Structures are given as structure tokens and as C-alpha cells.
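One chain, chain A, links the two complexes that follow: it is found with chain B in the first and with chain C in the second.
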Partner chain A sequence: MATKPLLEVKDLKVSLATETGTVVAVDGVTFHVHAGETLGIVGESGCGKSVTAESILRLFDQEDVTYSGQVLYEGTDLLQLSDRQMESIRGNEISMIFQDPMSSLNPVQTIGKQIAESLKLHRGLSGKQARRAAVELLRLTGIPSPEQRVDEHPHEISGGMRQRVMIAIALACKPKLMIADEPTTALDVTIQAQILELIGHLQAETGMGVIMITHDLGVVAEICARVAVMYLGQVVEEAGVDDLFYRPQHPYTIGLMRSIPRIDGERNRKLHVIEGTVPSLRHVPAGCRFAPRCKYADERCLHREPPLNRTADGHAVRCWYPGIAPVEEEAHELGIFG
Partner chain B sequence: MNSEFSVKTQPLLQVKELHKHFPVKSSLGLTTGHVKAVNGVSFDIETGQTFGLVGESGCGKSTLGRTILRLIEPTSGEAAYEGTNLFALDRRELRSYRQNMQMVFQDPYTSLDPRKRVGYSIEEPLLIHKKGNKRERTEIAMALLRKVGFSEEHYDRFPHEFSGGQRQRLGIAKALALGPKLLICDEPVSALDVSIQSQVINLLEEVQEELGIAYLFIAHDLSVVRHIADRIGVMYLGEMVEQAPTEALFAHPLHPYTKSLLSAVPVPDPRAKRQRVMLSGEIPSPLKPPSGCVFHTRCPYAMEACRHTVPERQLVGPNREVKCHLYHQ
Partner chain C sequence: MAAHSETVTAPTALRRRERRQLAVSRFLANRLLTFGAVILLVVVLLAAIAPVATPYGPLQIDPVNRLKGPSWQHLFGTDNFGRDVFTRAVYGLRISVAVGFAVTAIASLIGMIVGLLSACYSVLDAIFMRICDGLFAFPSILLAISIMAALGPHPGNVVIALSIIFIPSVARIIRSKALVVRELTYIEALHAQGASSWRIIWIHMAPNALSPLIIQSTYIFAVSILTEASLSFLGAGIPSPSPSLGNMLYDGKAVIYNAWWMTVFPGSFLLLVVLGLNLFGDGLRDVLDPRASRMKGGRRRGNKTSP
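Let's turn to the complex of A and B:
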């Protein structure tokens, strides 16, 4: 792709000041998203995927948080903008949806008013126009009888509906980039399927870029074009989705893929276990951050931090010995289980 | 068919026509209706086997699990443990039967007292049931800690010193203390990260192999249930719409709801070809379940009969049954 990316995150570092010292939640994260493309960011709790996403929109309290690096949106570094300028980016250019729609919806206001609010604010519509547009947006996100729903409150509708309302609000100003943070994690699978289809459909229609943050490799395989895998505040592997699933290189990525029970394939295989637990951000291991849990780590891994190396085909890995861990089929042939 | 059943040994647990209806009260305290959380469910759990219970939120799977142990009192029906109907027991008898059946919860904090050392929490069921003396109880707790992958030094630690996955392993140790023959596991791995989830699943499998315990494994994650269960029951709005051996259910789902549920699960393979049976709409309110077949409002194959006639349980093929008019002979 020769065109300039819509969003380019370069060496982003986010430090949070806490009562007991500074914690670096995101440490040197680099990735990009093109218009019309879906980038997946996967990882387990505490890997920094949500902090990364929220940092793009600078959602944190400025006093406790220090950013470094660059977040280039259409060439402009968002980290350098004034609060005022940033406000016109949020919702207008880049919008975000969260796992729990209830936390971002106002419980005492009708859903129509909440959608209309951002239309009036960002697009300068009149009350009447905004209401009409709100009904259309609800219809677009697949909410049945939107003319009635528009006057209901968030508690009167189901979880799946609320997520649709959130998406309607996020889309109100036709953003060029949507950041979705675990948007379907709290939903049942049949509803999840509907929401993922909706996001894909809206993306095809509007050409927006999407950053999908999730822990679910199934969701990634289903809707993402490229994937960044995060571990303890860093991207450890990044590749096209097919490349990542069929030629994973980092022992952590391979471990994750082998540890999930799958709806397809061998049912009775013993699940792989990644030994140990994710260390606290206060005790980040020296050298490679995954080394203490990695079966293949040697002296070098324990002492020297590997860089994120990118090959000519765009596959990036942060590992001294990429490809050393066996993928499922190889492990099976070698008789390595667990 | 009948002769085949008569030679079969008695199941460990036999649930028959279980109903649990919660009254709905108006603001004046008058009963205005009932939520039929579990509505006529029947199934068997064999010794040492795993029965998986799947369905979406609100389908009644958790209520079903809790009602079997009488953590919630049933409205009607039967749950026979080795032939004894648990619902007919008085409190004292029930307590002694409970040693055989324990529960593992999604959040292990519900079974571990945050102010007590974990060793004590694991011993507590033994104390309640007056088993052994102090030294014997401690020995059992130590052995259980080793079984779930800890060392004896963890005996004196507090729950907050453990991670979520470790706490779940402690919850399992506690559930095993009385030597139960049946564990009811309600979403035991749902709150865990994938790499931790596999540890707990492997542990449950090892424990089953070693001790011959049966599991009622309640979960919404179909990939996990497929991995662990020998037999699966699919619930929708309080009813078990289909049950079958795991392989058969995944190879040939029969009920339209099972078909759409299985097809909705995202496959971690970007080359996978998907044929999704999309469901329109959402689960109806259990306060006003649809007439006839409970699934007809969302079913792509709904016929006239589905709107007013409740489908019967149909035996179809070996060991499987379905509640659907499409399979009515």
C-alpha cells in the first residue's frame, strides 16, 4: 500500500503516575491503520491494549499521564494538539465504542437525545433535523421500529441494542476512524455475530478505518486484515491476519493460539499452557519481557531486549529466535503436549 | 430402544421434568405472573462423565445448576442422585448428600473468604461435615493444594495473594475436599484470560481422569464446552431444546437454534469458510415467552404449528433428542 496511512502510531509510550510510583503501561508501541482497513489489537488483561487505544484519543487525565512518541492522524500529531483542538477530533474524526455501553450512555436521557446531542454539537443541525438523523442512524444500525426506540431510555433496551445505540452515536459524525474496545465481549454469540456483521457492513459503506481491540482470536480471524499482538505494554508481533495465523513467529503468539479450545479441529487434544502469569507492570522483566515464561529463552533473552524486527513482507516480530516454538501441527508431530 | 436402556447402568444423576418458576410481584406485593426460568428439563449425567450445558444469557442454565443442589428450591420435578430424589429430602438428609455434590463458581471469591488463609478455606467443608481431626484435615488440604498445582507453603497465604486463575484452582481444591462424585461448574473459566483458562481446563480434566468425578459444566463458550463435555444440552428460554453426544451435536446440529448458535461462534482461522445462520431479533422476555415453540419468533424455519403447539421431546438417533416440529414423525 503506497498511500499514507490514516493513523500512524510511532513509538508511543504512556506513563501513569500512581501513588506508589510511575508505571509505564505502554512502551514503544508502533502500528498504523489505513482508511477502510481493520487492525486488530489482541492480548490478555494488562497487556496495554486498552491504554493504547484510549491514548490515541487522549482520554486520560492529563496530570497523571505522560505521553511520548507520535500519534499521527492524517499527518497531524494528536499528542501536540491543544485540548480544544483535540475535542474537535474526538467523535468528529475518530470515535470510540466500549465494552459496556451503559458506562457511556446517560441513563436519564432518551437515546434519541443522546445521539442528537453529538449531531448538534459537531454538525450544527437543528433540533428537528438532529432527531430525524437520529432515527435514521438507529435504522442504519438495525434497531427495529426506530421511531419509537428514539424516545426510550437506555435501561429499556437490551445489551445488544445498547451496543447498537453506541455504534449509532459513534457514527453520528461520520468518523474516519472507529476504535472498538472489546465491543462484543459482554454479548451473547448470536448477538456478537450481528454486531460484527454490522461493523463490517458500515465500514464497507463508509470506508472508515477500524481498530478492533479484543482478546478473542476468533473475532480477529473473522474481521481483521492485520493484527498486532501485545504483551506487557509492547507489540510482540504484527502481521497480516493470514500470515499471523498460518506463520506465527513469536512464542507468545504461538502459545496463545495453542491454548484456546477451538470449535473446529481436534477435540481431544490437551490444551497448551503458558507457564506462569503475566508479571506486574511494576516488575517488568529485564531483557525480553516474555522470557521468564518462554520455554525457549536463553541467556541472551534474559538480558537483552529484542527489537521489533520487520521482514520485507511486513511481518514484524520482537524475538531473538523467531519461529523457534512449534505451532500446533508441528508440536503434534513431535509429540509435545501441554 | 427400550432394551438398550434397560441394560444401561443407573445414571449418577437423573433430572426429570424440572421446573423452576419465579413469581413476579407487583409493587403491592401481589403475584402478577411467573418467570419460567427452567421449564420441564430432563437429562442424565453418567458417572465420571461431563454433561455440558450451553445457552445464551437468561436461558436458565445457571438456575438449573443451582436448583439441582437446592441452592434454589425447585418448583416441581425430580433430581435423583444414585436413585434418591434430592427434592424429597429434608434439610438434614440433604446436608449429608451435599458431600457428594459440590459447586465451582465463575468468581472463586464467592467460595474463598478474603480474611481467611486459603488452607483454612479448603478445610472448611471438612469442618462443617465434622470429618477428621485438625491434623487430618490439614493433611487433606495440603494434598489438595499439591493436586491443583501449588506447594504446601501456599497453605498460609491469603486469597488476595493469588491471581484469578490461581484462585479458581483453589476454588476447585475446596470443592474437592469432601470427595464429591459430581461437580457443578458454573462458568468456571469465563472470567479468565485464555492462557490461564487452559490451565484450569486441563486441571479439571486431570481431576476427572484420576478421581472419576462427573461434571455438570455450564458455560456460554461453545469451544470450551466442545472440548470438555461428553454430552451437551442446549437451552433456550428455560427449555432444553436439544441434547446429544458432543461429536454428534457439532457434526450434525438438529435444532435450528443449535445450528445458529454453533454457526455464530467465531473460528480462529482466517481461511475458514462460514455459513452463518443469522438469527433476527433478540431473546424474548422470559416474562412473556412465545406461545407454541419458544424459539418460533426467531426461527428461520418456523411453520404454522410452531406458533401454537409446543413441540414434544423427540428421540432421534442414538442417545439424542430434540424438541422441534421439523423432526416430528
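Let's turn to the complex of A and C:
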């Protein structure tokens, strides 16, 4: 861990201009990813995990967004680069996979051409060379008879196959960092496992860093080394995956874990729910952002925002009373590590 | 290995041929489309072979045979200068089709560029769309006449005037479709791949935003032929003595009670080409957008059953 991280996000703040005013979708997020490491970013819908991911690549319209803080990729701040420099990073050094493989491919182009796109952009390959490379990439991602598939259009292949094509596109230029924004959410469970396995396998082969954005703790437990839990635009807890699952500290993290249904649990037992909903980003609570939904919140929580405290073993929590909520069942009993 | 690749290739090749046949039969199955296409084909062919289709020239005067009715020498009769009406109508058709085609091509191309740029850059959007609003505010014929008045009577200027009229509607159609396409994930994915905005707009967004234009272009074709005829009829289009369906109608108007053939034949040519284009456009829409066709089919069937 002494080596310099591949990507270091420091105090990232993202304000988005919307029709009804500006919202701060990400507020002071800090995390890092080492080469060869998988970082999971977990949270409910609207907690800012996708915004964080898209901000790393600066994918928002320039007119609509203001960034502050730093996104250090191998020491250079991506937020300071020119648009042209940024284009040479995207897809080349850092690539991204999106949630919905059904709409992530251009419907009027063959999949071969779409894989060849970034090779032509960044590597300057000719059409023929790029096509050959596309076939190889399809083979690498486990698509049968790639020579034929390469000339097909996205509507001719299945969802799982399309996500493989997306991964082939993301891998085309051998990026050092891959951001996967809920890559398995739109797929059915068996395909999910295959895709995760594929990502893990390719990561081991290429040594790239992976940021896995998901709301599925099962996915996190399966492939991530470290996890950052996000709530309302902030990281509320960050730890190694075992540490987080066995010794969760933040009441929100504990709530998330308890809301996973247990396969060996009582059938009639009610599922645990975290009361309330994520507040709107327009009405961010004054103190701790989770306080209005937290059973253990007191006066201090409601008025003063807790800092992200990091302990010696690297476990960071943003809570005045870390560990206050009972971890009713041990994580391994939850079947997460099954 | 060779055997393996053969077994894989064969069905794919077969499938591709089948698919092409399927597309062709789908187009042929639509009667509107086929009928419109046949009319258009005949008209375009007639316009193309105009010089060999008749023994007369369009400007050839025969003072002895003025205002003669249809006969074997002059199928559509002769006009007040003794010129063969059939010859002039065919040459007029030629100009109409040429003008219609040029206007459709120019308006589509420029309209597409304007529409895509306005969908992607908000500053350009504000400028272009206000100009379009301004152009929309004029009645199109009036606008065309004033542009012609400014540029002078010349077939090329007719094309320019009509293009200016149709660019705003193309631009709006493309813009609205491009605004939808722009927000789709694959465009964002392309940004994440490192493609420049320029490349994304012209290589990826353009083909996806084009579909509504295909049908619209048949409409532009038809309306620009009609507008050209109106302009010529009003004396602001193709200048005499060059034949055009519009100025033939104007010439015929003066003698309509004595020489009906001078009005009827150019008029039917005009009707034929516009009908052909409209049928073709309707058929095309039915084939390309199955949802619209089902709705329309239902209505048509409903009409048939009512007395």
C-alpha cells in the first residue's frame, strides 16, 4: 500500500445546474484506487455514485457543471486538463462501462466498428487492423464465433452479449483504470455472475484498477477489495471489504446490510428497512446527513456534521457514534460470503 | 477447422440473403409504395429521355399550326405559338423534377447540418432557431417571390429560393430527433471512449437522427415542385420562353375556353408527379414505421365498411 495510488479523488465536489437551480450532487468525496485493485462504491439510488464516476471522466456538459477538489490520475489533476487532453484519457487510460447494455451501443453500426472506434481514435489503427483487433477482443470477452459477430448489429445479439461487447470496447486500448457503473444491474443473475467473473479475470490478466459502482452488496462482497459507502453525495464509510462486512460502523452501512433478505432466514420474518427515503439534494439536512433517518441520532447529530474519521487500520467512518447500531447478525451469517 | 468455419458461415450468409429478400418483399407488399414508385419511375424516365421522346424542340415555333387540338402529329395539341404541348410538358416536367430534386438535396443537407448543430450547441441553437422562426413567419410563396425578386429570374435562383424555404422545417425535424438521440447512453458511452464531439455529431448522431427526414424528403420534393409551378405561374419562377409546368398553365389560362389542352395536359402532369411522390411517401412511412401504418390501416378499413 506504500505505492502511489493510480487514482486519487480528493475532496471532489460536483455542482450540477438543473432547470430548477443548482444542486451539489457530490460533496467532498475522497477515495483512491491502486493498480490491480477493485474499489466498490455502494449506495442507494441518488446518492451520487454515478455522478462521481462520470465526474472522473468529466462526462457532463461543461455548461451544466462545476467541479472542485482534485481527481489525480497518476499524479495529474484531470479536472485541470484541456478538453483535448481529456479526450486522449477517455477510453485510452480510463474507460467506462455503463449500466444498460441495451442502449449503450449505437444501433446503426456493427459491433466490430464500435469496438474499432477507440482503437482508431487512440492507437491510429487502420480499418483492417482495427477489425482484426476487434475480433480478438470479442474472443477475449468470450463471445462465440467472433468472426461472424463482428459484422452484426446490436439488435442481433442478447443483453449479456452486448455487455460483453461493452467490456470489449472498454478494454480495447488496455486502460489502466476501468469504471464499471452498475454493469450487471440490467442483466439476469446467471449472466451477472459470468460478467463479474469476466471482469475479475480480465483485471487479473491486465492489472488494471477497477471502480465498481453498484447497489448490490453481493457484487461487492464477491469482487471488491475495498468499499466506499456513499450517502447523499458523501462517503459515509470506507474500509476493506472484510472489515466492512464484519465490523460495519456507520448506522447506514449496518442498515444496508440488514436489509438483505436471508436465504436461510425465517420465511415470515419482515425484511429490515431503513425508514424514510433519501432526502432531496435541495434540502440537505443541517447536521449529519443520515440523522433524520437514523434511530440513534441525538441533538449533536442533528446540528453538527461529523467529519470522516480514519482509524489506524484504514477504516473511515463519518459518524459521531461509530458502531452504535447493533450488528444483529454476523455478516457471514447473512450468506454474503457464502 | 475449415469445415467448422464453413458451417458457421453458411447460415449467416443465408440469413443475410433472406433478410434482403424479406425487405424487398415487404416493400413490394405495400401497394401504395409500389404504385407511387411506378408513377415516379415513369415520370423520371420521361423527363430523362425528353430530347428523344419527341421530334419537336420545346421552343420550336410553327406559326401555321397554332392552337391545334390533340392529333397524331401533336399528341397534346399545340399552343398559341404553334409549339408542341407534349414536348413542352415533358421538358417542363424535366425542370420540375430537377428543381424538386435539387431543392430536396440542398434543403436536407443544410437543414441536417443546422439541426444537428443546434441540438448540440446551445448558442448556435438560439441563433439558428430564431432565424428559422423568422423564416416560418412568412407565407412561403410570398417569401419565395421576394427572394426571386431580389435574385432575378433564373432556374438556379428558384432552387435557392425554395431551399431557403424548406431548410427551417428540415432543421427543426432533425433538431428534435437529435435532442432525443443526444441523451441516449451510447452517445455518452462514445464520449467516455474519447471520441470528439465533432466525430460523435457527424458519424454517430447524424445517421441516428436521419430517419424522420427520409419520409419528410418525399414531401419536400412534392411541395417544392408545386411551389415552383406556382412561382412560374405567377411569373416569378422559370422565365419564359423556357417551358415549365407552371408557366405553361399561365399561358393556357388566357385561352382556356378555346384550347383546353394547353391547361389540362401540363396540369395532369403536375398532378401525376405530385400524386406519385405522395403515394410513395405514404407507402414509405407505412413500411418504415409499422406503428403508424397499423393505425392508418385500421382507419382505412373502418371507412370501407361504412356506406
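Simple rule for what comes next: the second predicted complex is superposed on the first by the 320 of 338 C-alpha atoms of A that agree within 3 Å, B and C clash if a C-alpha of one lies under 4 Å from a C-alpha of the other, contacts with A are read in each partner's own complex, and residues count from 1 in each chain.
One rule holds in what follows: a contact is a pair of C-beta atoms (placed from the backbone, for glycine too) under 8 Å apart; a residue touches a chain by one contact, two chains touch by 3 or more.
What you see is a predicted model, and the numbers here were worked out from it, not measured in a lab.
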item: Which of chain B and chain C A:His283 touches, first, second, both or neither; value: neither
item: Partner chain in contact with A:Lys128 - chain B first, chain C second, else both or neither; value: neither
item: Chain B versus chain C as contact partner of A:Leu105, first or second or both or neither; value: second
item: First (chain B), second (chain C), both or neither touched by A:Gln148; value: second
item: Winner by number of chain A residues touched, once chain B and chain C are compared; value: B
item: Complex contact set, residues of chain C against chain A; value: 5, 8-9, 12, 122, 184-186, 188-196, 199, 204, 207-208
item: Chain B residues within the chain A interface of the complex; value: 56-57, 163, 165-166, 193-199, 201-202, 205, 220, 222-224, 226-228, 246-247, 250, 260-272, 274, 276, 278-279, 281-283
item: Residues on chain A engaged by chain B in the complex (per definition of touch); value: 44-45, 144, 158, 160-161, 188-194, 196-197, 215-222, 241-242, 245-246, 255-257, 259-264, 267, 270-274, 277-278, 338
item: List of chain A residues in touch with chain C within their complex; value: 57, 59, 63, 87-92, 95-96, 98-100, 103-109, 117-118, 121-122, 145, 147-148, 166, 169
